[in-house]
Structures are given as C-alpha cells and as structure tokens.
Amino acid sequence: MEPLLSINNLKTRFHTEDGIVKAVNGVSYSMKVGEVLGVVGESGCGKSVHALSIMRLIQIPPGEIESGEIWFDGRDLLKLDNNDMRHVRGRDIAMVFQDPMSSLNPVYTVGFQICEALMLHKKMNKNEARHRAVELLTLVGIPEAKRRLDNYPHQFSGGMRQRAMIAMALSCEPKLLIADEPTTALDVTIQAQIINLVVKLQEELGMAVMWITHDLGIVAEMAHTINVMYAGYIIERGNVRDIYKRTLHPYTFGLLGSLPVIDEAPGTKLISIPGLPPDLIDLPKGCPFYVRCTYRVDQCKFELPPLMESESSQHTVACWRWQEIDGKGTK
Amino acid sequence: MNKKSIYTIVGLIVILTMVLTACAPKTPAVTQVPGATDAPAAELPTTFIFGRGADSVQLDPAIVTDGESFRVTGQVLEPLYEYELGSTVPVPALAEECVPNADATVWNCKLREGVKFHDGTDFNADAVVFNFERWRFTTDPYHFASQVFEYYEAMFGGFDDASMITEVKKVDDYNVQFTLSDPLAPFLANLAMDMFAISSPAAIEAAGEAYGTPTGGVVGTGPFKFVSWEEGNQIIVDANADYWGGAPTIKQIVFRVIPDDSARFLALKAGDIHGLEQAVVEDLASAEADPNLTIITRPALNTSYLAFNYNILEFQDIRVREAVAHAIDKEGLISNFFGKYGEVAKNLLPPLVWGHNDAVVDWTFDPALSKQLLSDAGFPDGLSEVTIAEDILNADGAVVYKAGDKIPLRLYYMPVTRFYFPAAKEVGEAMAANLTAAGFNVELYLEGDWPTYLGSRRNGLLVGLYLLGWGGDNGDPDNFTGYFFSGGAEPIKREGWYQNAELADLLRQALVNPDRAAREAIYQQTEQLMHDDVMRIWLGHNNTPLIFSSKVTGYGAQPVGADYFEFIEFVP
Amino acid sequence: MTSEDSVLVQVQNLKKYFPIYKGLIVNKHVNDVKAVDDISFDVYKGETLGLVGETGCGKTTVGRTILHLYRPTSGKIIFGGINLADLGENEMRVMRRRMQMIFQDPYASLNPRMTVGSIISAPLDVHTSANRKEKQDQVQELLKIVGLNPDFVNRYPHEFSGGQRQRIGIARALALSPDLIICDEPISSLDVSIQAQVVNLLEELQERLGLTYIFIAHDLSMVRHISNRMVVMYLGKIMELADRNEIYLRPLHPYTQALMSAVPIPDPDKARNRQRILLEGDIPSPVNPPIGCNFNTRCPIATEECFKIDPEYRELTPKHFVACHHAEQFIK
Amino acid sequence: MGRYILRRLISVIPTLIGVTLIIFLFQRLIPGDPAVAMLGEHATQENVERIREQFGLNRPAFLDREALADGDLTGFFDSQYIRYANRLLHFDLGNSIHRRIPVVETLSERFPATLELATLSLLISLLIGLPVGIASAARRNSALDGVTMVGSLIGVSMPIFWLGIMEIMLFSVFLNWLPSGGRLSTGIVITPITHLLLLDSLLTGNIPGFVDALKHIAMPAIALATIPTAIIARMTRSSMLDVLQEDYIRTATAKGLAERVVLFRHALKNAFLPVITIIGIQAGTLLAGAVLTETIFSWPGIGKWVYDSILGRDYPIVQGVTLLIAIIFLLVNLIVDISYAILDPRISYD
Amino acid sequence: MAEINPQDTEIVDFAIREHRSLWLDAWRRLIANKIAMLGLFVVALFILTASLSHFFWKYDPKSDLDYSSKLFAPNLVVTEDAPAVHIFGTDKLGRDIFRRVVHGGWNSLRVGLVSVSISLAIGGLMGLLAGFFESIDMNFWERVTLMGLLGLGLGSLSAWIAAQFFQIFLFSGLGIFSVVFQRWKAGKKVRILAFAVMGMLLGGVSGLLVGPLVGLVCGFLGLGVGMILARPLGGKLFSDVTMRIMDVILSFPSYLLAIAIVAFLGPGLEKGMIAIGVVGIPVYARLARSAVLSVSQKEYVLAAQAVGESHGRILFKHIVPNILSPIIVQSTMGLANAILSAAALGFLGLGAIPPEPEWGAMLGDSYKYLSSGAWWAVLFPGLAIMLSVLGFNLLGDGLRDALDPKMRI
C-alpha cells in the first residue's frame, strides 16, 4: 500500500546570531493510512520542528528547510506553491498544538474559528458551517455545544480549549492529524480525557495520527509505531512493543529508566542519563549521544551511526552497538 | 496705550480734496472677494486687510490700554478733540471748539451737530455727559465693577471726588460745560486721547458689560462701523456711508491677527494682507527693495533707555555711570537693531515733543575712556560685582537683597519686543558685549517674562543695569519726564531708586505753569540736568515703520500711535 | 524513623485566602480565592512528604505559606515547636535558616544579573558573618555537592542548562544546612532525562545530610517515587494522606483513584489493559468551590450527601487520612 | 460596562481636583502680578490694587486663616480657590483678566480650531502610521521595513517647530503654494455649524471654502502629525510582530488561511490593542502639543492662547484651558479603555 | 560490555555558551546592529565635539559681537566681502553660527543629562518604591516611616491653619503610634474610635491656642486624620497615592507644564532642566513601577525572601539590576526628548539666557530673519537638534533591541 506520508532526508535549520541551529538532520520515514505514530524525544530534539516542516509552518527566515522531500498523497509538499500548500493545510493535514491557552485567537469566538476552516475548505455557507461546528463540538465532548459556539476562548477551560482545537482540526476530515504535545500543558486527569478522545476519534474516523510527545508513557497505550528522536535525528524507530520491550538504543533505554513507574517497589533508583543534549549549533561529528553514552567506543566519536535495521525490518536503530544492548532494556 | 488714531479737520479737508480730485467717479462696490483670488486689473479691491501681531483686548476704549484695541476703536469711535495729522497738536473732532475761561478751570465745548451714532441715535450733549459720567462715577450703573477705567483715573486724577473734572454739564443739546478743580495744562491734549472717544449711550445700555466684547460690539460715530470680531483671528469693520466727514473710499477693513513677525511679512508679500506695523528690521531692507511694498514711518514719540539701579553702591558714583555711558556704542546699536528708522537719543524727550533740548551734547563711544573712568572710580580691573546699598523688599515685604550683599553685575534685558525697542534681546546681547569690552563684566539677566519684569521694576528689584522704554500718550512733555521723576524727596523705587529733589521740584513747577514757553524752558533745563547727572542712558527713538502694499495709498501715520484708514484707497 | 515525637512541622487548620477587591469608590472586599482551605498535617524529621494535586489545588500556596512567604489567613504553622506566627521579623529571619525552598522554574528562580557564586552565597551573606574567603570556599563546596564544576562560581545563570540551574537552586537551598527543604515542583519544567538526575541528587542529599523534604509535584508517579508519605490535594483541601504504598495499594478517595489511573504507563501492555477511571469535566474555580465536598462535581460515586455536607477529614485506618463520605467501601 | 464607565468617571474626580490644585499652586507661586501684566508700563499703584481687588487676587489662595482666627468661619472659606471651585461647579470658567470676557466664550471659539487641527493630524497619522506599520511588520527586514524604521526614528526626532519653519520656507516662501498662517483667507465665509471649517464647508457644500481651509490646515497638520505618525507606525509594527509570533497565528496558518486573512483578520485585531493606548496618548498630546505649531502657523487655537495667557498671567484662561485639556486627556483614556473592552473579549468590566 | 550505571560517569559540564555576562551579550548585539552603531557614532560625535570644544576651543559669547559681518551667508573661502570663513554663516550680531552650534551642543548635552537625571532620580525612585511595596509587604520600620510621613502630610493642613507647626510632629507621632498599636490587635472599631479622638485632641487643643473657631476646624481635621491613620495602611496606599500624583502630572500637557514651571522658577537653562526633568518624572515612575511589578513576580525575588534577605538587599541586588534595561533604553530616548524639549523652550524664549548659545534659542532668534533670506541661521541649529536627537533615538532603539528584544516603548 502506498504510504500516506513519506519523508525523505528532511533537514531543517535556523539561522540565529549565534550560528546555524541544525534542528532536523536528515529524517526519513513513512506513515501508513490510519497509522498512529508516536514521535518521542526531549526538548530540542527536532520533533516539533519536523512536524512544522511537514506543514511548512517554519518561519522563513530565520528558518530554512534545507533539503528533503515530503511526499504526501503523491505530491511533494516542499515543491507545492503557497496556494496549493494552503489547501493541504487544514484540509489534508491538520495540526493541534501544545498550548491550548494561546493557540486560539482570543478575540474571536470559538465557533467563528471553527467555521472559518469549514467555509474555506468545504465551501460551506455560514449556516452550514455553524451547524457542522455544533456537530464537531459535540463530537469532541463539549456539552451544550450550540451555546458554547459563541463563547470566546477565555471562557473555556484548558481541556475544553484543547477539545475545541481538536474539533477545529477534525473539521475537514484530514487524512493526517499532527498532535504536537497536545496534553503537556494539561493536568493528568484532563490529559487522560484527551487521549481517550483522540484514540476514540482515530478509530472512528480512520485517520492517521502523529502524536508528538516527550512522555514515553503517553504513547505507549495508543501508538502503533514510535520514532525516538535525539538532536535532530531519528535514533530508533519501531513498533510500539519493540521500542518498549526490546529497546535497542542506549538513549531510549535511558529515557525509559528515567521514568518512575507508579507500581515500582520502594527504594528503586531512577536510572538517569548523565550530561546534557548536544548544542545543535555545534553538533559532534560522530554519534550525537556519544558524550552521554555509557556504551560509547571510539567509533561512535568519529562515525555517525546510520539508522540500521535490526533483525526485524520494522525496528531500526542508529547505534553501532545495538546488538550488545538488545534485550537489556526489557523491563 | 499710546497708539492713537487721530486726524485733523485740516488734514481731512486736504486729503479729501485730493481724493475727490484723484478719482472722481467710482465704480460701485463689488462683492468680489478681495485677496482670495486675483481680481482683474480693472477691479480694485475694496477691502483693506491689516495684519497685526496681536488681537485687540476689548473695543471699549475707555477700559483698554493696548494699541491694538485703539487701532480698531480709532476707526469706529471719535473723541471730542483729535490730534493734528503727523503731530501731537489737539484739534477739534466731535467738538467744534472748546473754549476755556480765564484761569482755565471751566471749558465750554460746542459740539458738532447732525452727527449720528452707527446705531442711528443722535450724538449730542447728553451722550457726552453720559460718557463722562460713566467714566467718572464709580457708582454709575455703567461704570462696571469688572472694568478698570484706567486712563480716566490717570489723566484726570481719579474717580468720584478725586476727579479733576468736577462737573460735566449739558448747557443745551450741543453745548457742554466742563468744570475743573485745578487748571490742567494738557486738558485738550487729554480730551483728544483715544480713550476718551464717545460711545453711543444706547449701545452701552443695551450691551451692558458685554459692550466692547466680540458679542457686544461697539458703537461710535467714526468712519467705520463695527461688524464682527472673530476672537484671535480677525475684526471686520465696514465703511460708514453716513460719516459726517464723508464716507471712506474703501468699503471694509479687516484687522487680521498674524502673531508671528515673519509670517506677517510673508503674508504681506504674498498679498494676503495690505499693511502691517512693526516689521522685523531685517525685513525692512527687503521691503524697500520690493516695488510692491512701501514703507511709511510713524514719527517717534518714544524713548528707549538703559537705567541704573541706584540702590547699588557702585552706581551711586557718577564716574561709574559715566563709564557705562562711554562704553555703549549707541550708533551701532541703533543702526543695527532699530534700522535706519531709529534715531540715537540724547534726551528723554523725543525731538517731536517740545521741551526737547538739542543743545545737550551726547556722550561719546569711547571704551578706553570708559576703562579710565572705571579705574578712577576704584575699579582698575573692571567691575564684575556690585554691592547692594540698602535692603530691598519685595511686594510682600520680604527682604530679597540685604544691604551689603555682593551680587554679580547684571544687565537686565526686556523679554519682549516693544515698539520702542524692536529687538530688546539682541540689544541686550550687543550691549553686554560693549560693556564687557569696556571692563564691565556684565551678566545678561532675564528676570522672567514681561509681567515679572515689570513687577520687579516697580519694586526696584532690577538690581543692576536694565533696559526699558516709554511711549508717549499725548505728546505733552509731562507725560514723559513728569511721569517718571515727579516724585517727592523719597527715592523712587519704580525708577531704580532715583532721587533728585531739584529735578522733582522743577517738574512740579512745569506741571502747574499754564505758560507753554515757560514750561518748555523748564523741560529743556531738566534734560540738561538729567544728562549731567548721567542718570540714565537714553538709547534711541524709534520711528516705527509700517509697510504697505504699493497698491494702497492715503494712509496717515500718527506719532501717538493711531492710524488713518479712512483715507486709504487702492490704486492700480 | 517516623514517630510522633520527631515531628518537625505541624500544619494546623491552615487557611490562605487571597482577597478579591471590587467597588465603585472604595475597594470592597467581595470574595476570596480560597487557595488553601483548612488543612492540617505533620511532617516528620527526615522524611519526604509528597504533596500532589492538579493545577490550582493550592499545593504551591501551602509550601509558600509554611515558609511564611505568605501570611496565613488563619491556622498555625509550628516549626520545631515554635509557632511561626508569634515571631517578630528578626526572629523569623533567624528561623529561615532552618527552612529553605527549591523553586519550580529554574529560569525565573535565579537572578540573571548575579553570578552563581553570589546567588549561592546570598543566604550566607544574610545569616552568617563569614568572610569572603570562607564564603567562597563554602560556595565551591556546595557546587561540588550538587555536581557542578566549582570553577563556575563567576558564571551567570543563563550560561547553564535547566538541569544545571536547578542544581544551583539546590545549592542555594543547602547553603545554610536547613532542616527542611520545600521542593516546589522542582522537576516539572525539566526534560525527562534531566528529571531523573535531579531526583537522584535530591535523594542522595537527603541520605547524606538527613534533610526533610516537602516535595510538591503534579506528577503522581514521581511523588510516589520520592516520598515516604503522600498528601493528595484538590481545590485547597486534603483529600487523602497516607504512606506511599498504602496510598498506591489502597487508595480510599475516588479522586486519588482517578488520579492514579490517569498516570501514563510506559509499557504498552499494561497501559492498554488497565481499567481507567475517567473523570468528567474540569476543576471548579477556587473562588466559588462547590458546596459540600469539593470533589462532588466530578466524583463518580457522589451522592446527595456529598452535595450538602463537607466530608470530615479523618483517620480512617491507622495513619491513613481521608476526606470522603464513602471511603469505607474502598477498605479491602 | 455602564458601571465601569461610571466608576472610571468617578475616579477621575480626585485627579481633576489635583489638577485644579496644582494650577492654583502655580498661580500662587509664579511671580508676576496679573494686574501689572495687564496694565503694562503705565500702571499706577491704585489701578493695580483695584484690579487685584476686583478679581479677588488679594484674597488668600486657598484658605483665609486670619479670618478664622478672628472667628469668621465663612471668611475662612472665601479664598480664590474656593471661589474658583464654586464657579466651576456652576460650569463657569470665569472672565479673562485682560479681556474681561467669559473664558468660555473665547474657548468655544478657539477650541474648534485646535480640535480641527488635532483631529486632522491624528487622522493623517493613523492613515499613514497604521498601514506602514502593518506592512513593515508583514515584510520584516525588507527594504520597506528598513525605510519605515529609520523614517519613523527621524520623525520622532523632528523638532516640529523647525519642521514647521522649513515647511513655510519651502511651500510659502519659495514655492508660494500654501499660505503661511491663519485658518482661512479673508473674505471666505463658511457658515458655522460645528465650527470645524473643513466639516462645515463640506456640509454647506462650500467647495472654495473647503479648498481654502484645506490649504491653510495642510502645513500645520502635517507638522503636527509627524511625531504621532512615527510613533504609531513603530508601535503598530512592533505590536504586529509580537502578535505574529503568537500560537494562534500559527493555528490560523495551519488551518490553511491565506496570509492576507491571517494578517488582517487574526493578527490585526489583536495587535491593535496596544496601539490604541498609544493612539490615546497621542490624541491627548496632539491637543496639548499644538502650542508650538499654532505659534508658528498663526493658528487661532487654544495652544498659543494659553501660552500667551501664562506669560500674561491671565489665570482664568490658563485654568480653563488646562482643565479642558486635562478633562479631554482623561476622557481619551476612558475611551481607550472602553475600546479595549470592545475589542478584547477577555476584559470584562464589572 | 559496559553496564549502564550513572555513578560510573562523572558529570560532564556543558556550559554551552562562552563565559560572558548579559551586559556583554547586549554589547555584542549592539555592535552587530548597524543602525545602532550609526546612532552611537552620532552620539559620540556630538558628545565629543561638545565637550572637546567646551574645554579646548574656548568661546566667550559675552564679547562675541561684530556688526560688520552680520547675517553673512555660509562661505567656505575667504573673499573680499567675507574676510573670514563661516561655514554655517553668521547671525544677527555677526557671530559665527558654526561656533555657536558646536558650543550649543554642550548646553544641550547638559540639559539632556541633568533633566533625565532629575526625572530618573525622582520618578525612578518613586516608581521603584511604589512597585516594590505594591508587590511585597512592608515591614515594621517601613510602615513606621510611611505612617509617620502620612501623619506629617495629613497633619500639615491643620498645623498650617492653626499656625502651630509642632502639630505636624504630633500627627506624625500619631501615625507611628498607629503602627505600634495595630500589633496590640485591638478591634477595628475601637481602634478607629481611639485614633479619631486622639486626632481630634491633637488638632483641636493646639487650635484652641489661637481661637475657638480655629480649634473647632482643626479638631475636625484632626478627627479625619486620626481616622485615616487608624487604618492598617501599607504599600498599596503608597503606590496608589504616588501613581495618582503621576496621573495628575501626566494629565497636564507637557509643554504647558514645562512653560508654567519655567514661569515659576524664572528663565534660564538650569530652570529649563528642572522643568523638563519634572515633566519627565511620571514616565520613569510608571516605567519603573511596571518593571518592578513584573520583576517582583519572578521566583528569584521569592527566593530572596525565603532566604530572609532584607528589603533593601532585595531591592538593590535583585530588582534594580533587572529593571535597568528598560530604564537605560528609556533614559537614552529620554535624553533625545529632553534635548528636543529644551530646544522647544529655547525656541519660545524660555531656555538659555543669551548670549549663551543654545540651539532652540538660536533658531527662535533667527527665525524672524528667515523672511529676509537668512536661511542658514535657521537651518543649521535645526539640523543640529534633529541630528543629535536622532542619534540618541537610534542608539536607544538599538539598545532596546540589544538589551531586551521583547521590550517595547
């Protein structure tokens, strides 16, 4: 089956006064129709930037998509003109952002902001759009949707705003929904509601979802495939069970170890990754994880490990010594 | 203050004849807007636009003091007497003649008959009595409490019982009798002042306190009628077709306010206005060169001077004063800042005023001599600090300067430009340079704005050298010298604490002497006396220049500061 | 280790209301934000007491009020037997030696215009008469303790990463060797891999220095990881207080249960198989908390009683406190 | 909203009292006697005294302590300030000391001139400043942006009196295109309705009048508009740039909206909020800042008038005009706040 | 095969950036900004020429007078008509305009510096304290000071009426006593009553010394003062009152206020400095207050309180250094404004006293010669004003970008 999204050697940079920030350094992968992909990594690993690059929402300047291809539905998004790209955004690919507090325009009603996309992409008139907006709000679980339509964002709580954002994203039935840390700013109980909602909607509507997060716990329960990113590279990719149960990369291993588990025994120590992520302006020549890695050998210092296949072609890892780590990460 | 609109019957007749012969059949008035568009050459404008630096204060002449008010009231209202054109001699106006009795305490005035106010009421003895009683009695219903009849008080000694005019009696409809408490030598000159122009009683009764304001307007007998007053912008008067002296040729005068000197001159050059007074000296040269402009000067009835504060020990030494006198380059100052229309002064009285003493020999400009004198006086290294002689108090009675205080030698300059002082600030700067060169290390000092300056001067608080001047009100020498120095034996703090018993005595003699020749001799004597004492340094008399468009003729300039606009005509 | 006589801090009926003013001419006091509404608990010497709850539950206010950074509206804080409210300004200043705080935002809690050295030595400047040299030595020692290069004393906070800055904050808190450190969400703004570093450091320091922590966080699993006992707060009130295992194994309050079930589990099998208790709706405003039980708007087992009567905060089983009318049903 | 406006109006009262008090304090402190100022060189002591008496200038400024010590409670309050305040309560600004006519009368004639000038200047600065600011924010770091930034800094740095002089030099002296001063040429009559000449001439269909008035107002309005234009352009630009960084702009773009829609629908309304404050401040400043412009262009408004009145110690005028300007300033502030409420649904005033 | 154990690895330091303070950082950003460097250049040129000429190219304006060369147009070479070079021409008194423009710079610089210092010192301090005490509770001694001053201020009216100046000290004492009294936790109503009575006695008794009516009036005043003093007033009050005063100053049109102040103080460059300085106070007060309010929300201020640092230390070590950026920018732009305002005052004849060269006054004096063609006497002083002001504005703008890119004025 033709993949829905296929990214090939995407590189994104930012030109700052301190130097060139190499945010995304040659990312390649593809996504199937209806697939739920989790993109995991810490801040500055390029996970959001690569998503914004797909949407071509990088501010240029200072940003620049240096090279790569993003094939979506048979078209290279990077080659589309602005107008065509505009029609991809919102209609084919929709996005939900991290901070629901600031992602809705405070001076327009929620209803207006939802209808805007409907009127643009679906060529609905105002009444149809309103009608559809009520349906959408109801769909994402906002009670009294009709009344809420005329509310301003500040009259919504954080969770409700994120629901409204999702409703907005779903308005044109996109083929791909990119959720960029949509629950990070929310409380755990609300987070659970949102995850539940997205999982439900994904199953109902059959769209593909790219869920970006720093929390390995969140994607564990919903993703089919996981990309682990570090310093602008995908360092491990595989289906969800492989990533958690047969961790191949020391970084992924470290990430998992850093998380306390709710049912852990008393006295358990967390396993921390020493040091800090590298400076994206001044990336090392070899493996970006080299200085923090307890498995490092000289080869790692000088040779950048490519994403290589493990025994399963579905599970790839960018580490010279993955075979030695294989299985150690099983918890 | 002292710019008055006067004219004489002689002048009137002469000019009227000229006018009538010059342009016999007039085209009827056109409604073409003058100045706004270029009228075809054949059609001359009928509206004369005069540009001025400030608006009138009010148009009731009895209660105002500023020239810009009189400039307008002079067109609308007339007094019983007026000044002869180009001089200060009083000649009849609304009165046909006024005859005194032997000791000059009773004057009988015969009024002009058939004259009507602009509101249609008759001018007669009742109107005259009404006006004089209004001015004189503080209890008069139209002697409004909000108004100050300043000049009546100043010229006639006071109100009510203090007034020197003790009675104004209607003899018949066109005869009025004035009774004075004492002989008053300048009585006719006083009567001719613009302030004592006669208003329509009916108009005053109708307008009440608003008389003379933009809403109340003003009603007189003059050649122009008040039409409208746009506060801060313009006053419009229309020709009085029924004027007893004959209707003016122009149909309308607009007095426009253009506060800025440059802008006013530019407006004149552009043809937006037709005349202005008191141009910047530098503009005069360009006006002279401009064939479209003509300059007319108002004969000088003013004097500018540099005064000493005699409460300063150093200035009590005549050698120091003399040194100052020799330090100043009067010629240079006058020619540079008054322009060629200024005259160097050596008397307080301008040449125009009788009593002027031409025999006085002016001080020479001689910085070397200055230094010598200063050295003789005990200041070989020059003078940069002076000593207060006696305590000086302010208006509230607080001591501002204490006896023995040392203060820097100051030269106070006026913060404003006055007609007698076209460029006070520059004169101050130049004079400071003169004085510095002669060993006086003066510090130019700005006391504050004009009211502050005047207030300080009244209280003798201008402790140093200071600039000021005087413009005459009625051409009588007492209005100059007498005003200043006729105090008693006390030092006059208003005049820089000057004290001269001999001078005061002479001035008192002159005031009560009805014999003009005798008075003239006394005033000439006082001029010499003041010169010998180096009491003040007279700087200049300014023949105030007015610039007109060359299209305008017939303007008559008056020393007292008034304007004849009724003879104005436009020529191609 | 945790016995009654080793109580370090007693919080008794603590209330902290932030007044809201309104009015035409004179500002009238119309209402309060009831950030902390009548809570009581003890902190034992050497333990870590976890304080967990969602946004707006008042957990940060509790921490700040214990340090008297906010004046309590009512109630007592007894620290080492001394009621802090009775202390004058100078005595309170002396008292501050014994209790310190680590803040949430490592970017905002360090003065960007001061060097690391002067930030860490600030408590020493205030409370000790040590000379420059002594202070310098002490600062370098502290930097070593928290795992930073002592040569960095003259650097500025912005030259450090978030985790390093939090270490600087810890060093500052340690400078006066306090008895109690209130950790106010010290890891919530750090990356996952750095969180573990800081938590490990805190645990290690506690062992070495015998510190007492009040550890405030919204992340239940992290709080459970580090604490001996846990307090669960909701809307200014304590819902449940118990030992870490007790609360995990036998949560008595429906809110605790829901909170626990909402915690993400980094294990696909477990995550997909567990039964979630999904709470409906949002947290009410602390200005107008619901009548009766604060949790009644979202509680899956709320009854009529819950909408009328504020449940008593009681010790249902030994050392297990809970504020719920219906907690009994959960005792297994 | 009504309550809020009421509340704001009430809160203005102490400020206004403060304003009147300060005006009075200055009156007491500034040397120079109105009577002397009015009478000039020829003043006699008696006249000075009489005028002081007439205008109550010999009364104590605030309270008569001596009267109180003598047991006279009413005399205690008979002070210049109380008299003034009492008049104010009756909406009477008093009479000019020099001209002896009601201040209100002159004010009603002169204020429209200043209002017209200030309004037109504000319009100019809005019409230029806003689009330029938006455009340079939308095309950040472009040539247009550079020109705007430098140009606006030059505008802010411009001494307006100098600019006015230069305008006159160019357009009046050298080119002779525009009149150097005044509001209207002599002879042009515009039937007054609002006393705003441009408006009145349009209302009465007086086209030559309109053209003439426009010619007169052009130079002063441009001079006066320079600084506000520059400030508004800068403010709009920086505010737009801030807003364009916001997440909701990204959301709007992600929806697929065209750049134009994002810019004008989503960014502008938000960016306008801080700009309103600046516009409000500028509106207040324009009215007051007219002193210099009016002086140079002989504009018969209140700026020059009040300046002369300060120098002439004509206190009732100074008090009246200052009070008027202060009230307008406070009103403008109120309007700004209300527009905030209208534009920004987050703000609720209750 | 290595075991993963954090204890084995020493902590590696990643101080990513090189060592430099925020100020140094800002300086780098500044010199990278071409426009700011242009501004810096203009400002430096202006300061250099002004001060160098002041000290090394002596000029005595008092004796500078030469009628023979008055109003000469600019000439770059000596000709028969113009025996000396005047690159900017001469003015009415034959003075070289170039020389006066250069020396006028010294005055403009002084005006700018002094008036900004006045605004900054008074406004900045008021704003600083207002913001500080609005966000941080006053301690005992601060409250004592505040209430003492409040008593002093409120009592002065009554003291003035009765002409018993010791009264203000009594009221001041009453204010201080109120702070102490509040510790005794008397009920609110009792306290207000007690202080009202005390105030009435303080005012009334000393008023009675003058006369019965004076006693009555002062008693009433004292009653009111006592009732106010009885309340537990704190930093909010201080801030409110300060800011209300600033509102009052702000609601005056700035030029008119400056003119009025000059009319009050008398003319002169120094008086102009004061006037411009006073007019600028509210700007700095508001700026400082809002900056303090935002800084004091920062956790490091809370941290300082938690450590037990004194208010003075918090203010000067934590708050002041962090509000300096906007203050520096505003001051630079304020310098530009002050030069502009001084020129405006000079233009109106209220600035420097002649013959002292000052740009605005030169412009104002020469303006009237424009119609006779002396454009140079107007052009050059005007250009000098504009360029120096522009220089400071460019620099200020660059400083803002360098110090705090998010800030705006």
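List of remarks:
Order as written gives the chain letters A, B, C, D and E; numbering starts at 1 within each chain.
One rule holds for everything that comes next: contacts are C-beta pairs under 8 Å (C-beta built on N, C-alpha and C of every residue); 3 or more make two chains touch, one makes a residue touch a chain.
A quick note: this is a predicted structure, and the numbers were derived from the prediction, not measured.
Between chain A and chain B, the least number of touch steps comes to 2.
Farthest chain from chain A, judged by C-alpha centroids: B. For chain C, the chain with the farthest CA centroid is B.
One finds 47 Å separating the Cα centroids of chain B and chain E. Work out the mean CA point of chain C and of chain E, and you get 43 Å between them. Annotation: 23 Å between the Cα-based centres of chain D and chain E. In terms of their C-alpha centroids, the spacing between chain A and chain E amounts to 51 Å. Multi-chain contact residues, meaning those touching two or more other chains, occur in chain E at positions 6, 11, 14, 16-17, 263, 266, 367, 370-371. For chain B, residues that reach two or more other chains under the stated contact definition are 262, 266, 448-449, 452. Residue numbers of chain D whose C-beta contacts span two or more other chains: 31-32, 168, 173, 295, 311. Listed in rising order, the residues of chain D touching chain E in the complex are 14-15, 18-19, 22, 26, 29-32, 63, 65, 68-73, 76, 149-150, 153-154, 156-159, 161-162, 165-166, 168-169, 173, 235, 238-239, 242, 274, 284-285, 287-289, 291-292, 295, 306-307, 310-311, 318, 322, 325-326, 329-330. Residues 1, 33-36, 47, 49, 57-58, 63, 65-66, 145-148, 150, 153-154, 158, 209-210, 213-215, 230-234, 254, 256-260, 262-264, 266-267, 270, 272-273, 395, 448-452, 454-456, 458, 468, 470, 473, 483 of chain B are the ones that touch chain D when the two sit in their complex. Every residue of chain D that touches chain A in the complex is listed here, in rising order: 141, 246-248, 250-259, 266, 269-270, 343-346. Of all residues in chain E, only 62-65, 67, 70-71, 92-93, 263, 266-268, 349, 353-355, 365, 367-374 touch chain B in the complex they form. Every residue of chain B that touches chain E in the complex is listed here, in rising order: 261-262, 265-266, 269, 280, 282-283, 285-286, 332, 335-336, 413, 415, 423, 425-426, 428-430, 432-434, 436-437, 441-442, 444-449, 452.
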